[in-house]
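Across the two complexes that follow, chain A remains constant while its partner is chain B and subsequently chain C.
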Partner chain A sequence: MSDYNFAYLDEQTKRMIRRAILKGLAIPGYQVPFASREMPMPYGWGTGGVQVSAATLTPADTLKVIDQGADDTTNAVSIRKFFEKTAGVATTEETGAASIIQTRHRIPEEDLREDQILVYQVPIPEPLRFLEPSEIETRKMHSLEEYGLMHVKLYEDIAKHGAIATSYAYPVKVEGRYVMDPSPIPKFDNPKMEMAAIQLFGAGREQRIYALPPYCKVVSLDFEDFPFEASKADHACDMCGATDSYLDEVIMDDSGGRMFVCSDTDYCTGRRQAGHMGAQAAAASAALEETAV
Partner chain B sequence: MNTEVLKGGFGNAPVDAAYAFRAAMKAMACPGTVEVLQGAQPPAPVSVAAGTLLLTLCDPDTPLHLAGDFDCEDVRAWVSFHIGAPVVAAEVSMFALGSWEALAPLSRFAIGTPEYPDRSATLIVEQEVLAQDGMALRGPGIKDSVTMALPETGAFQMNAMLFPLGLDFFFTSGDQVSALPRTTKVEVA
Partner chain C sequence: MTPLLKVENISKFYGHRIGCKDVNFDLYPGEVMGIVGESGSGKSTLLNCLAGHLNPETGEVLFEMRDGAMRDTVTMSEPERRMLSRTDWAFVHQHARDGLRMNVSAGGNVGERLMAVGARHYGNIRENAIDWLGRVEISDTRVDDRPSQFSGGMQQRLQIARNLVTGPRLVFMDEPTGGLDVSVQARLLDLLRGLVREMGLSAIIVTHDLAVVRLLADRLMVMKDGHVVETGLTDQVLDDPQHAYTQLLVSSVLQV
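So, the complex of A and B:
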């Protein structure tokens, strides 16, 4: 056993975070202030998500951590190791096998179940912050449901670019009341937020927690003549051939070579194990066979 | 000194509290579901579930109101030793524990402010049983609708109309807990 209290945080801190989570679930989309602690990692590395996960974990949980959909990036690996060490919980890379999934900037492709919890790492929880820098003002705007400024911003997008150019952290309205920042997930993921799992959002530096209960109404802001569109790269995954997943564009060489791959590594791996193959994976295995002959 | 008071806390606080919180969170996220909540052995008339909720959520930072029969020597001593929450009047409480009748009138409790709707009281209502029939509930956390027995209808309809302000409720009986946040719409089924 390690020399840490279970899940690193002391009990009084966890109670404070747990109270904030419960109020967040009772007022979906509202940002509950909490006394964020310093964590043994820098701000911007998911200190808010880590604190929410620490207050939510039980020894029986299986934890999955993803960063931009990937299980094997630095941020994901270090947070997974952190909880292996301080909470002794089991970890997994399989979406279906996890009971708690901490995520940075993606929602897994696989549908989540009622017995799962999705914890988001949030850098700037206030959707109005880049339009109005004062916290006193934005708090007043939320209390008065004064969201005209956000619509003006989306309108200016259309006036300038001919379409709503916001492609990530696309603002949503929760249960017809609070406008909420979904964290910097691609807008492709926005429709998935009406899900069966509990969603918790933690912003460490900004000291805010917010939450969405299951089956909560989450609507992406738009206009009648410019409806919201969940967009992705118009391509199939070059590794697994999936046409329904969010893709990363990877530059392969200096002469314009590129490939598109699923950002959700577990989804891509699962499909390849099931025998699906994308264009570049097929070409590579054909070339490999040729050299073998 | 009455040493009975020293008993009944969590055996393994970090782990017991973690499981208890998950049950409480599931109950609050999915109104109408009944979860098992164990770990505490509080003095009568406090149920196991209510005592476990207090141990999980309350501490010296959370003023607690004990209503009616729950405001007795044994409970005060147990709260004081295990939790350390100041026992206060309803108006200034963050948490309150009692029977439905003793907690009335609900207008005494804090419902939050427009800027800070989270600064509202959470009421723990002790009931004889938690029955899953009666009123129809709709709202966040509920797929279509669920049914749940509530002590009355009007008070919860009024509370939902205050949204985003309002009170949040836990209902406890024995080692069972269910919850009703302010977002839930209650109708006579």
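So, the complex of A and C:
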């Protein structure tokens, strides 16, 4: 028995956060203010996501935590340990086996199901913030549905780069009403947001929670002559050969050697276990066989 | 002819102090109205009440909507008023920085109002922006530069282009030539006069510079301590001032 209340937060706080989550689900894309607590980790490390996860967890849940798609990076490992210690829940690295997935900057490649919840860590929940610094003004713009400014940002992109260069945190319109920041996921993941699972977004420092109910309509903003494009590196995964997954580019040496690998480590591992092999993995295993002979 | 704007008994108080009191006038389509007076005479307060930036205590501001109906803009809902202020109205600030987005390119600044009313075709927006930059004498090579790289006069002209791009019917101007040197002022006035005549704009210009109203305004309203002390045709008021304060104002102008 640990000395913590289940999932670290006290029950009153969890109730308060659940109320915010329910309100967020009732008004998809609307940023609900909540009394964010101090967590035993610095702001920017997922304090919002952790509070939402803590309020959502039950002892029967299985938790998966990913950071940029990977299960084994610092942020993911420490948050997973945090809940192992404070909630004693089961944890997993398998997307399909998890009931709650807390994520930073990615949506898993595998389609999520209706009995799963995806929790995002959000640094800046306000999509209009960089163009309009006043919170009073941005709230008014949301309430009056004045979203012309969001297109000014995309206009600037095209004027400067010849195409919409925003590649992550790409603004979306939810159910034809609220413009929402999908947290810094790559725009490759934007079309996946119309999914079966519940999606919850927590911003700890900014004290906002917002949510997408299952099968919610999520449209990425664009221009008629510059339509939205879910882009990724034009390559196949060098480890598992997948052509449909989001790739990380890894620099291998000082002479320009590089490889592309799935950013979703669980997806990549699963494919390799099923016998798929990418170009560099195949070359490496061939070299290994040669030395064995 | 029916007036475009009908102002009835507008009063605004700051606590016990008077901002402006019992102002009445009609503005007809294509007419330019000048409001002059010294600092603190209530002319900016009045302009902000008319443009919906301030809420007057009493009175009505009736504006002729596109369907021909006269609507009170003081009591209309905020979304409607904000819609008006980005379609049929334009507001030119004294300091261009107040009316521009300094971290957005000139093209984006002009395009913002178009995108705010639903334009979603990049090519058309940009073409429109370049066309308007040309009309205010800004070269199309500057379309992707930020206003912070522009001179004061250029910023002011950019602000005007940004405001006029949606084809407003009524323009509010608060000291549009303030802070500019005289030769730049002259060019800006020339430009404004051309645009006002060409587009058939109605305008309300607040200024303390009598030369500006002499050039631009058809009619003149002189304010002092929150009250309107004299109104009339511009030339009539300036050449034959009746009220003591107007006489003082006219005689204070330095003759070069």
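Methods note: the second predicted complex is superposed on the first by the 293 of 293 C-alpha atoms of A that agree within 3 Å, B and C clash if a C-alpha of one lies under 4 Å from a C-alpha of the other, contacts with A are read in each partner's own complex, and residues count from 1 in each chain.
Keep in mind that, in the parts below, contacts are C-beta pairs under 8 Å (C-beta built on N, C-alpha and C of every residue); 3 or more make two chains touch, one makes a residue touch a chain.
Every value quoted in this text rests on a predicted model; they were computed, and no experiment measured them.
Counting residues of chain A touched by each partner, chain B versus chain C, the larger count belongs to B. Judged by the touch definition given at the top, the superposed model places A:Arg177 against chain B, while chain C stays out of reach. Applying the stated contact rule after C-alpha superposition, one finds that A:Val119 touches neither chain B nor chain C. Of the two partner chains placed by superposition, only chain C is touched by A:Gly148; chain B is not. Residue contacts after overlaying the shared chain place A:Cys216 against chain B, while chain C stays out of touching range.
Contact with chain B, but none with chain C, is seen for A:Leu25 once the two complexes are overlaid on the shared chain. Judged by the document's definition of touching, chain A residues 144 lie at the interface with chain B and also at the interface with chain C. Only residues 5-7, 11-12, 14-16, 18-28, 30, 32-33, 55-60, 114, 139-140, 142-144, 175, 177-178, 196, 198, 211-217 of chain A touch chain B when the two sit together in their complex. Looking at the complex, you find that chain C touches chain A at residues 78-79, 82, 86, 101, 103-105, 107-108, 111-113, 115-117, 120-123, 125-126, 143-144. Only residues 131, 144, 146, 148-149, 151-152, 155-156, 158-160, 223-226 of chain A touch chain C when the two sit together in their complex. Those residues of chain B that touch chain A in the shared complex are 13-15, 17-19, 21-22, 24-26, 28-30, 56-59, 61-62, 113-118, 120, 122, 140-143, 163-164, 168, 181-183.
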